[in-house]
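Two complexes come next, and they have one chain in common, chain A, joined by chain B in the first and chain C in the second.
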Partner chain A sequence: MKRFAWPSLVISSLLAAALAAAETRPQYGGTLHVAMRAAPATLDPSDSTQTDSFTRRNLTLLIFETLLTTDSSGRMHPALALSWQAALGNQRWQFRLRRDVKFHDGTALTAEIAAASLRAANPSWKVFAEGDSVVIECETNDPEVPGELALPRNSIVKRNPDGKPSGTGPFHIVDWQPAKKLTLAAEENYWGGRPFLDAIEIEVGKNYHDQSIALELGRADLVEVAPEQVHRASIDGRHVSSSEPMELVALLFARDATTPEEKLLREALALSVERASMRSVLLQGAGQPAPSILPTWMSGYGFVFPAETDLPRARHLRDQVRGVTTWTIAYDSSDPIARLLAERVALNARDAGLSLQPAATPAADVRVVRIPLAAADPWIALANVGPVIGLPAPKINGGSAEDLYSAEQSLLATRRLIPLFHLPATYAAAGTLRNWKPGPDGSWSLADAWLENEKQ
Partner chain B sequence: MTFRHKLLAVFSLTVFLSVAAVAWLVSAMTRRAFDKADNDRTAALVTQFQREFERQGAEVVRRVETVTASDAVTRMATMLNRTSTDSSGYFELAKSLADSYQLDFLEFVDARGNIISSAQWPAKFGYPETAFESLSSSDKQPAFLKQEEVQDSTALGLFAVRASHVGDRPIYVMGGRRLDKNFLSGLVTPSDSRALLYQNRGDRFSSDLLVEPASGNTPLSDPRSVDKFAPIIQAVRQSNQEMAGVIHWSADQADDELFHAVPLRGNGSEHPLLGILLVGNSRRSYVELKRHIRDSALLVGSGGIVLAILLSSWAAARVTRRVEQLALAAQEVTAGNWNARVDASGDDEVAQLAGSFNRMTAELLNQKERLVQTERVAAWRELARRLAHELKNPLFPLQLTVENLLRARQSDSNQFDEVFRESARTLLAEISNLKGIIGRFSEFSRMPQPQLQDVQINDILRAVAQLFRAQLQAPGRPPIACHLDLDDELRTIAADPELVHRALSNLVLNAMDAMPNGGALTLRSDREDGKIIIEVADTGSGLTPEECERIFTPYYTTKQHGTGLGLAIVQSVVSDHGGRISVQSQPGRGTTFVIELPRNPDTLRIVPAASEVSQSNG
Partner chain C sequence: MPSAVYNLAIPNMLNCPLRSGSSPTAALRISFLVLGLAVGVYAADWNGPEQELARKVASVTGPGAVALTVENRSSLGRRDSAIITNGLRAALGAAGLRLVKPEQAAATVAISLSENPSSYVWVAEIRQGTNEPAAVMVSVPRPEGSLASHDSVPLSLRKIPLWSQEERILDVAALEENPTPTQIAVLDAKSVTVYRLQGGKWQQQQALNVTHARPWPRDLRGRLVPAADHLLDVYLPGVFCRSGTGTALALTCRESDDPWPLVVGSLIGGGANFPSFGAVSGSPSTIIAIRGFFAPTRNFFTGALTPGVGKFTTLSKYYSAAFVPREKYVLWLFASVDGQLHMVDGIGDVPARLSWNSNLASVRTSCGAGWQVLATSSNEQGESVRAYEFPDRDPVAVSAPIDLGGEVTTLWTEAKGDSAIAVVRNRETGSYEAFRLAIACNQ
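For the complex of A and B:
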């Protein structure tokens, strides 16, 4: 009995190990089906009229590439630029381009094309080609130029005469139906090596519910998960992955506070908001309460800002202002959590004696907004928040945490923005999607992912 | 208006009033019957609403009980009875169960009264349920009305509360249905009725709070139309009792609706007025029936009036024909035809009246004939007396003269001749006097017919004044002042100037005779009602009433040497011109003769030949 049992056990173990090894081995081929909520009308990364979102950034980086990339710790890595150097006290930056890189239409990447792309994305920059390098000259000391170049919106785009953009990314466009569907195919001559996936079909404009059903029915391999559904999805056994809390949910006023009374009222509103109960109930524990623009994991000082509700003080501030001002608080009607947040904020505000009327209207006094932070680099992230909310970029006088704090504090002091939460970008993937995990900044990195056999 | 027309009008008015009274009576009875039917229908509708209300309430209770007993709620209650479990995981449970069980409102409330999950206001989790203290979760508690605060407004709903007693800490389930358009649409109402709901909030009427059925009658899209509910809503809010009122949607009364406003009260000790049910009934059928009655009444009334006029004309003609004959006969009698007679056949009052009239006219005719005979005899006697008197005066000198001649015959011839000559002169003078007397009588009997021509009376009056001016101022007698008071705008008339001149001259002579001691003579002309008025006034001795009565009688005189024919001639002239003369006098205050002459010949021709003389004393 023993003699028979032991060899069988050994053979079984060896077979199991062999099968496991076969499952983890990358496989080429297959079409990845992705569903997403955002519905961009254009794929041009420099089109500032489109709403910024993690999904759009990821679409961009499937097709286009930047000169540099950043890792989770914020360090810069070569991409289309092999090397770079600063001169004149960070006022002149020179980026030497990678050779033998070609656009999807077969055109070689040149410094002139790269410079033209960057100029189109940053009209205020002085960018020009110098040999095989792209040179950027700044009027002042700007150490954040490499970080800026790592942003998706600064991807290198070659604009063809027919208006269609062409990139150097791992996938090229096969079919693009704006606001409906995007079909990508693997770029065989990608300088970084051909992706494992043969193609990616991305359906845009799908709400969370439809995405969840598509994943459940096997019609999608990768979908977004609403923050409040993350807990439920995990309980249901989905393969859920999240980025770091990179998306700021906040109340954004349509205009500056012009009077001291209005500033008092806005401060009262900020003090009346119950972030904790909203997070535990509405967000079902997802995200982090955000009294600050930058999340603590990014800035390190987020705890300094008070996140607790202070209703007595809110009432006190409210009582200092005579008369009743009714604000309309708007939300994105396609975002279910935004409406609940707006209604809850209105309820909290009522407790403080403030009057907010929720409405799904474009014209409102205050709006619940989602602001994807531009990068994991706090300086770059904060610098990009200002223009997003209609304010100039905050002036950061140095590279220390205190300088960053001062800049954020000055931005908050405008009372234009009341931070509520920092939310991660969360995705649910089919079990057949391998070697995939979103980056800390929510990036997809699908060039290295592959599908198991049954999906091919 | 003639008697016949009056009779006709009375008959017609009687018929019209009768028809109007009947129409009003029918209309009033119809209105009363319609109001009764309307009240019955409204009461039925209200009763139906209450039954529907109870049925819906029972349905709400059933659904809430089902939710309470559901696995999900039981599981939630079980989990929440564990101290370590928070309620955030059940945030969306109310919404999903409300959808499943078709409830408009659903809330889960913990034992402390805090909302765990709310379907109608999801963001309200953690907040206390305001009505928690007043709610009873008894299993026998029926559904009740409640105003529920939702995100952007306050809704009226039919609620039920039940509790899930899984552990020590019960979970309360409060569910309900909204009283909204769909609820009202579920009420089965007659085609011309409808039910609306007013949600009683705030101090003033607001058109936004009026809920009408999702389908059915004309929607109240115009806020001004909705505002017409304000008075009845305010009345119910003030009195807290059922009220009724008519709402006029347009100028057409057929569009009117009679609304009964029924207060809907909530639970609690004060039973607050939460809503007002408005049950409306169209007045179209009533108004159209009323119009039909009115049109019929008008038609019948008009026909009746026409028929009444025809019948009344016939009846009035029958009744008034003999009366009219009487009136005509009376007019003939008035005009001098004393022989007028009417048909006196029959035995009714009119026949008796006609007989009396005939007898009266016959008696009058007899009396007139007797009077004429008497006057004729009197006139002949007066004529004889005057003739005797007139003739006696010259006869006496004639007799004396003849006797003197006879006596002178016995004297010598010279003396006789002288007496003869003297007597002959006397005889001739007296005979001439007799001839004059006879001539005047002859002249009176032969008064000529007037030769009419355009005459200015003022000219004749001036000529008469001029003619007698010398005599009035003649030396040796007291002077008489002559005054002319003439209307300068007097128009010409058709008259015989010589006869008028003679008549006026006679009046002036009479006046002079009446003023032996002097005085004033006034000749006056004037106009009145198409006539010329001529006055000859003196300030003489005047006349007695008896003299005034007889002064125009021929041969009657108040003077010693008058013939009594002067004023008779004046009267004859005036009468021949179609006029009349009268006298106004008082003894000692003078006399005024007033002549009225018609202005034109046309009037002259139709005036009766007989003159009318009116006499009056000042």
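For the complex of A and C:
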């Protein structure tokens, strides 16, 4: 008996879309090829000498893990710590560790190792092990401790005698060529479940152009997209996805304004900047004009800060000061958009009667900087901007939106920083990369991604 | 003594505040869907924040005439926005402010209904003469959302909410019907939890820990199978658990590569409420209690069957299986890992590429041809489920697709055979929702 004689199965008219590619559950296997612009020289999350970037954070979180994680709503979730509690008015925090977690070298995660890791990353903290818990004691009421622990720089690292750091994350290091290439393999016994991908190969230090070509030629599955290229990449049919605007582009003065006149001039500069036209021309519509440090999606009140250009007022302020000197404005020479922004700011300043001279020198009066905000939680993000720009963390007196607003106002009132834009982290991916998009905070979460049509 | 406990033994059962004291808390949203109840419209109480913002505005302006504008910059709907606007007007009036036209006003108050990820943020920008503008604001926790309804056509596929939780649900089993479930078991990665419906609310009766030595694979799957002589069998990758009997239940788990049932007891006959397996004629052809081996570290069946389908004891790896009894044979359908549907009748194995996704389940009903296959497909919002029949060898849709509001992570035939359990990851909330999918005949 021959039941099937179906050389060509005829499908019902109700299944007209039958030939469309069917979705499947996640598939295991395959190597993901990634190219990135940043070129970290070390994988140690707590190495503060390295420039912060989304790439560095994401590399960290492929290999290492934090005690807690936060989601896009600022909610805390267990990671290496299963539970946590505060005592003594948020001055003593206890984090009970997950059991049966092992580092990639086979060593069991212990409270002692976790405490040592946190002490190394935060020398001023009082951190110690207590049974199966890590305890952090603060001198004052500090409700932000869980949020701080969720930052990649506070990942738990076991530092081996040979200097190589070991983590507990979903991928382990196979090969690391600093500032060049990182090869990772899936950790078979990862407590959170083996990743779907077998391996990830990440080439770092690749400029946007090279990344784009690598994606085009099929040599990369995941690349970054320059802000000004996002629109074109979408038109070209690339699989483009972005985080929420998480990176602050700003003018950063090298030192405090020491006189009232200098403050007036800095305010005049802020009022002269034409963010809208910069966005439309230089950024090709990407990002959002930013008069504030925190983007509105994060704070809920960013629109309160005036973003409009006000040349008459800028000139009025400038005219109150005699003997204006020329400021030098510097930019990262490897960042083409930074140069264009610096030149445009100088042009705008001239319209207000100010003088800015673009220069690729590190000793400039003011720089165009890109500051990746530390977290999607606005309190954590704001608290971390201060130290990045060389100022103490702003004092936040409470947990209300108004308290946050006051703290942000006080940071802006220093006149050290003139926010320009908030940019998202944007990526283009091959069509075979599935179940992946960047988190609102720019995080990758590649442990859940998978490659289609890879041999099982 | 601790001042705040952030996690308890039962995860996601308490809020985990990011801040304490006067700080806003980001609430963990846990929704318990009561079976068979329509989801009501949330009636938010905006009164408190309206009054608080009005007080703050009045503290800046003092009593007098102000011009008010209200702009909605948030995801709040028009109705809520209008309610809040009216409430703000009343609250400002009660705070001593008189609302007038701009040309008559001593101050202008521009209120923006904004939001951030954890709360609504209402901001009032106040301008008085040549003074620097002032801004005051309040945070308002977000209310819970509501679920969308569904439509239907030829045979009607109905979804009945059973359970929702933040933790990934692997399966839900009805343990008692009266006539709707009054006792259910919910399987997740850590436990089997038994709930009973009492006074219109689900009360937890028992939580039985699932023990396992190896880490669970990603995209974890699991199946609950009610049994005749004890309450439940639990199938998980590389692990088999069996409940005890009696009122105080226990769950005994062991490492196991025992095959998982691909046919539920009632579809092959048998006795009791939830019959155990056997080969009984319940259809034109005999349905064999075929089982499939599940890969212990992956999310698919290995392809090995016991007993086989005719001459086939090994097929390509697959995610799910369904079957349709014929006059002389049973047509088996396997959703393969390679994205194809394999139709196996015991003699031939014919692959086809349909627009179906990875989840299939068989149901036997009193509608249409009597046997339907439920299959998932993609839509713009996530996944939908649709019922199909096989009058010949080609699937014919017999119901409208029913949108489940997200990605379907589980689709298993229920023990009584005439319905299926679908678990969906809600695309809006990220929580997991279990539904009973039942077919109703259109008269």
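Convention: the second predicted complex is superposed on the first by the 431 of 456 C-alpha atoms of A that agree within 3 Å, B and C clash if a C-alpha of one lies under 4 Å from a C-alpha of the other, contacts with A are read in each partner's own complex, and residues count from 1 in each chain.
Basically, a residue touches a chain if its C-beta (ideal position, glycine included) is under 8 Å from a C-beta of that chain, and two chains touch if they have at least 3 such contacts.
Because the structure is a prediction, the values reported are computed rather than measured.
Peer 1: When the two structures are overlaid on chain A, which partner does A:282 contact: first (chain B), second (chain C), both, or neither?
Peer 2: In the superposed model, A:282 contacts chain B only, not chain C.
Peer 1: Look at A:357 in the shared chain and tell me whether it touches chain B only, chain C only, both, or neither; answer first, second, both or neither.
Peer 2: So A:357 only meets chain B here.
Peer 1: If you stack the two complexes on chain A, which partner ends up touching A:72: first (chain B), second (chain C), both, or neither?
Peer 2: A:72 contacts chain C only, not chain B.
Peer 1: Based on the superposed arrangement, let me know which partner A:253 touches: chain B (first), chain C (second), both, or neither?
Peer 2: So A:253 meets neither chain B nor chain C here.
Peer 1: Between chain B (first) and chain C (second), which, if any, makes contact with A:343: first, second, both or neither?
Peer 2: It touches chain B, and chain C stays clear.
Peer 1: Please indicate which partner A:448 is in contact with in the superposed arrangement: first for chain B, second for chain C, both, or neither.
Peer 2: second
Peer 1: Identify which of chain B and chain C touches the larger number of residues of chain A.
Peer 2: The partner that reaches more residues of chain A in the superposed model: C.
Peer 1: Please indicate which partner A:298 is in contact with in the superposed arrangement: first for chain B, second for chain C, both, or neither.
Peer 2: After superposing on A, A:298 lies in contact with chain C but is clear of chain B.
Peer 1: Sort out for me which residues of chain A touch chain C in the complex.
Peer 2: Within the complex, chain A contacts chain C at residues 1-4, 6, 9-12, 14-15, 17-28, 70, 72-78, 82-90, 94, 141, 143-144, 146-147, 188-196, 296-301, 303-304, 376-379, 398-402, 405, 440, 447-448, 456.
Peer 1: Which chain B residues qualify as touching chain A in the complex?
Peer 2: 86-89, 91, 121-127, 151-152
Peer 1: Tell me, which parts of chain A touch chain B in their complex?
Peer 2: Touching chain B from chain A are residues 274, 277, 280-282, 284-285, 340-341, 343-344, 346-347, 357-358.
Peer 1: Which positions of chain C touch chain A when the two form their complex?
Peer 2: Residues of chain C touching chain A: 1-8, 11, 16, 18-24, 26, 28, 73, 112, 114-121, 123, 125, 135-139, 214-220, 297-300, 317, 319, 329, 335, 337-341, 343, 345-350, 352-359, 376-378, 383, 393-397.
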